[in-house]
Structures are given as C-alpha cells and as structure tokens.
Amino acid sequence: MVSSPEPSSIADADRLVLHLQGFEGPLDLLLDLARQQKLDLATISILDLVDQFLSVIEGARRVRLELAADWLVMAAWLAWLKSRLLLPPGEAAAEEGELAAEALAGRLRDLARVRSLAQWLGQQNQLGQDVFARGMPEDLTETDRSKLALDITGLLRAFLVAIRRANATRIYRPRPVQLWSVQDALARLAALLGSLPDWSELSLFLPDDIGSPLQHRGALAAALLAGLEMARSGHLHLRQDDAFGPILLQTGSRDEDGQ
Amino acid sequence: MTGAAQVLQDDVRLAEALVFASAQPVQSSALLRSLSPEADLDAVMAALQSLYAGRGVELVQAAGGWQFRTAPDLAPRLRRVIEVPRRLPRVAMETLAIVAYHQPVTRPEIEEIRGASLSQATMDALLDAGLIMPKGRKEAPGRPTLWATTESFLAQFGLSDLRQLPRREDLLIDPDAHPQATRLANPPASGLADPPASDVADI
Amino acid sequence: MTGAAQVLQDDVRLAEALVFASAQPVQSSALLRSLSPEADLDAVMAALQSLYAGRGVELVQAAGGWQFRTAPDLAPRLRRVIEVPRRLPRVAMETLAIVAYHQPVTRPEIEEIRGASLSQATMDALLDAGLIMPKGRKEAPGRPTLWATTESFLAQFGLSDLRQLPRREDLLIDPDAHPQATRLANPPASGLADPPASDVADI
C-alpha cells in the first residue's frame, strides 16, 4: 500500500508486489495515489503525483519486480513531464509541460468519473442478483399459420422458373428418331416370305407408313441386313443384277443356286 | 401490528417472492425450509391466496407445487395471435403461375408447360387455398377439366384483374427469340414515358 | 361501483396479468393494445403499483416498460434458494460504465480512458451477460466496431432509460469536493476510519 509519498516508506517488497497487481494499469495507480493523498483532482499537483508514481516504480525496480511495458512507458513519460514542470515558468517548454499536466489531470478526472459510475451501478439492485423477475413466464401468444404469404414477384419468379425449365428440357432432349430396326425387318421378312411366288424387290417388304427419306433409307438398310442374315441361314436367296440396281429376293427352298 | 402478525406478514412476502421468482412450481417442503421456523404454512399460503383473490393473477396449488398463473377468465383478452403466413411450396407456386398465364388450362397442359408431372397434392393445395377453380371441360378426348384462377387469387396478390399481370413477352427476356423484350429490359433514356417500360418496373 | 370504476378495475387486472405473465419488461404500447380504449395508462399503472406497495413482489419501470420484480429487501433470503450468477468483476463494471457514458465507443477508446488494455475475457463477460452490443463501425482507419449498451443493461440495473444514469457532473471527482458523491463511491463512512488495506482490496 502507498500510505506515504516517501519512497523510503515502501519497504516491504511483498506488499508492493501485491499492491501493483491490484492495479489496472498505471493510470489506475496514479488515480489511487491522488486518492490516498485526498488530493482534489481539480487542483491536484501533478508534480507531487509524478514523484509518488516514480518512487513506486523505483521501488518495484529495486525488488526486481517485472513491470509491463505500459508502466515503463508511463514512467518515462512522467519523468519527461517532471523535467518540463521544473522549468521556470514562461519558457515554451514549461508551457508544454503545463498543458501535458492538465491533459493528465483531465484523464484522471475522467477515470474517476468512470469509477464512480461503476460503483453507482454496482449499488443498484441488479436483476438476477438482488431482485428477480418472474421465473415461469407465460406465453400468451398463439401462432396462426393459416394464411398464405403470397406476392406477385414470387408468382412471376415461379412462372419464369417453370418456363425456363420446360424450355431447357425441350432443347436438350434429343428427339427420338423412329427407325425401322433390323429386328423389325427380320420379323416382317419372315412373315411375308412364304407368300412370295418369285423374285421380288426388297423395297416391297418395307412397311407402308415410313415418312422421311432418311427413315426410308434406314428401313431399306435394315431390310438388307435382315435379308443377308436370312440368306446366310438358307431361308432365302438375294441377288442384284447390276450396281445400284434393285435388290431381289426369293425364298430359299425354290432355287438352291441363288447367289 | 403484533409480533406474530409481523412474522406472518414477513413470511407471506417471502413466500410470494419465492413462488414468483421460481422457475418451477414450489413444493411446500421447499417453502417451509425458507420461511421462519414458527411459520404455519397453511396460514401463510391462505393469506397469500386471499391477497390475489379476484386479481388478474392467482395463486394455485397443482401437483407440482405452488405457482402463480394469470386468471383464466382473462385468457381471451390476454391472448395475442401472431400471424405467421405460410409460403406456398415451389411446385404449387409454379403451377399457380402457369394457370394464371394460360387459363383456362388442363392439368396435362400444365404438366407439358412445366416439363414435369404434377401431383394431386399440389392441385389440392391450390384448391384448398381457394386460388384456382375448375372452369368447364375441354372438348378433347377424355374431356379434361379446365382450370382458372379465382377472385381470391386476385385479392391475395393485390391485383384488380388479370390484365394487371405483366405480359408474357415482357417477362421472357430472350434476346434471340424476343428482340422486343430486350428493348423493354433496357429502355432508352427517351423511353421513360413508354408504357412497356413501366410494365417492366411493375415486375 | 360506478361504470368508470369498474372499467378501471378491469384494466388494472388486465395490466397486472400482462405484466405478470412476462419475464421481460412490458412496453406501454403493448399494454395499451390490450386495455380498454378509454384507459388512462398512468392511472392504471399507478393503481396497480399501489396494490403491490410493500408486498414481496413490486411493480417497477425498467428499460422503457413495466416489470414485476421481487422486493429488494428480500434479496438475502431469496439468494439462499435461487441460484445467482457471479457478480461482474470491477474491470467489467468499469468498462460497462465507460460504454454507458461514451456510447457508441470503440475498444481502443475504452482502453484510452482506462489507461489499460482490455482483456478478451472482459469483453466476453459483458457480451455473455447481454449488457453490450456492437452498433456499427466507426468511420476511422480500420473501421473499429462501436459498442453500446443493450436493453438488458437497462433492465438489469433497473433503469427506465439512459437518462436515469447519474449525470457526469454529479459524479465524484474528488472525495472532498463532492461529499455527496463520495457517499456513493465509498458506502462506509470513508477516509480516516478506513484501514488503508481495505482500499486496496476494494480495487
């Protein structure tokens, strides 16, 4: 504790350590020193305060107490301030010191007010500490979810989403091309073959309802493949009299010499 | 006040505060532990109960212990109804939008336009909400029902009639297919007075 | 009973139930919504307050609303039963005081006033207790967060609004110059009778 401004009175190192640990930074100690002296902060002698602070720091150093940087910074600044305050009045440097001293006194007054307010708050009846609110609040509200939240922008957004999705589906879905398959051709040839009297054109075996030229060519190709397959197994004979000419076919049982 | 009366009043105050501040109903045994040693619990609670007789709050003893609760007769006036409107599911909103723009429209047509099938539940939700209604049948195989929006649909969306919906062309901004729509989306400086521009702003 | 007296009594019951039901202060606007149209809120609340005068539970104004709270004199006996959180440490109280007076205020500004850095634990304690909240950022390099007190700060300290805080000029600056404020700062007759060691402990 600091009960006297004299450095010599700070003899007990342990007490000093305990003491400094109780402070929240150098400003806190300065304010406490002022309080200990019952100094009026309005007319405080900053010079006295500086001496006391420096003596505490000196005492701490003597017992090799490790001090945080902000303490040392404050000590250095106060030493500078003291040097200015000791100058004869009137000099520019002395004026600088007075301004700095007033700024420090102002900060101490601000901190003193803060401390007073903190104490005032601490003396109020605190909810949950000194006074208590209803422990079992009753919920008087009822939720009605029957109504719909509708807005026109939501409707338009939904419409656009639906239309875009539909368009996207249409664009990217490959149109299924209806082609007559080799399987179809095999079935049709097998069904019609028995009723054929003589060589017949392959194209006559195609179904009647084929639309586009592409589908027609595809069907013809399927029929040829089916015919080749059936010729291989001996069910029919195929022949083409000249290049690009019509392909003719005949049942296999009629003529064993067919090509 | 006699000494005994003072003790009773002290105990009534403490019991009141304890039951008030407790997060659970307070058991008689717990009250007895806190009250003065000579307290007659029945007398204390009877005195407390009489303080609240006819008030907006009453002291009741339920299975769990003592508790305060607001007077039941006030319940209707205390109740605050909070409306938390539901949102329509996305599918229902899309369906509603398609009906709005293509009405009268059949369900298969809606499915065709959405490019996805439509569940009965979605149709039911829109019917229950009074947003769509049947409007005759289409003269086509199977005579499917035609659907249209209702008066309530207009009211709920704050529309006076269907023409207040932005036109389809103004909505579908596709630079290739709808050069006109592109112009609408970026009205020239001179176009401020253009009716189409205000249509876009309506969206 | 006259008609008007009956209406007042009805409104008192209703206000009582509304405030009693809530653990939070109930705003006047919420009360007015439920009371009769001709209700004079001040008269209703004054009548209710007098009903609870001297009781174990009392009606107080806090955080801009009305709240029932247990009577302060019962605190020691209630604390034996009700679990109470730890009081805020001095650093947190001082930080809170700075925020209360200087809000909105940045952390560096708080540190400047206290002349010491602020630990994360202190900020966390105040945030956890719901006493301070961020309120935008300061238009300064680094755009530091600005801090302000909350509604719960007012409720916790039984203040109707921030104007109920003592004025800065009225607060202690010097023990001798402001004897009245000294009483606030050092509740026991301060000064000579105090052992110096207790000063240190107070800090």
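Each chain gets a letter, A, B and C, in the order it is written, and its residues are counted from 1.
We adopt the following convention: a residue touches a chain if its C-beta (ideal position, glycine included) is under 8 Å from a C-beta of that chain, and two chains touch if they have at least 3 such contacts.
In this text the structure is predicted, and so the values were computed from the model without any measurement.
Asker: Going by the touch criterion at the top, tell me which pair is linked by more C-beta contacts: A-C or A-B.
Answerer: Between A-B and A-C, contacts are more numerous in A-C.
Asker: Compute the centre of every chain as the mean of its C-alpha atoms, then state which one is farthest from the centre of chain A.
Answerer: Result for max centroid distance from chain A is chain C.
Asker: Round to the nearest whole Å and give the separation of the Cα centres of chain A and chain C.
Answerer: 37
Asker: Using CA atom averages as chain centres, what separation in Å is found between chain A and chain B?
Answerer: Distance between chain centres: 30 Å.
Asker: Note the residues in chain B that touch 2 or more other chains, in rising order.
Answerer: Within chain B, residues 17, 20-22, 68, 70, 78 contact more than one other chain.
Asker: Quick check: what residues of chain A touch more than one other chain, meaning two or more?
Answerer: Within chain A, residues 132-135, 138, 140 contact more than one other chain.
Asker: Would you pull the chain B residues touching chain C in the complex into a rising list?
Answerer: Within the complex, chain B touches chain C at residues 12-18, 20-22, 30, 33-34, 51, 55-57, 68, 70-71, 74, 77-78.
Asker: Under the stated contact criterion, what part of chain A meets chain B in this complex?
Answerer: Residues of chain A touching chain B: 132-136, 138, 140-145, 147-163, 165-170.
Asker: Which residues, counting only chain A, touch chain C once they are in their complex?
Answerer: Residue list for chain A touching chain C: 1, 3, 18-19, 22-28, 32, 35-36, 38-42, 70, 74, 107, 109-135, 137-138, 140.
Asker: Per the contact definition, I'd like the list of chain B residues that touch chain A in the complex.
Answerer: 17, 20-25, 67-70, 78-88, 90, 93-98, 100-101, 112-116, 129, 156-159, 165-166, 171-172, 203
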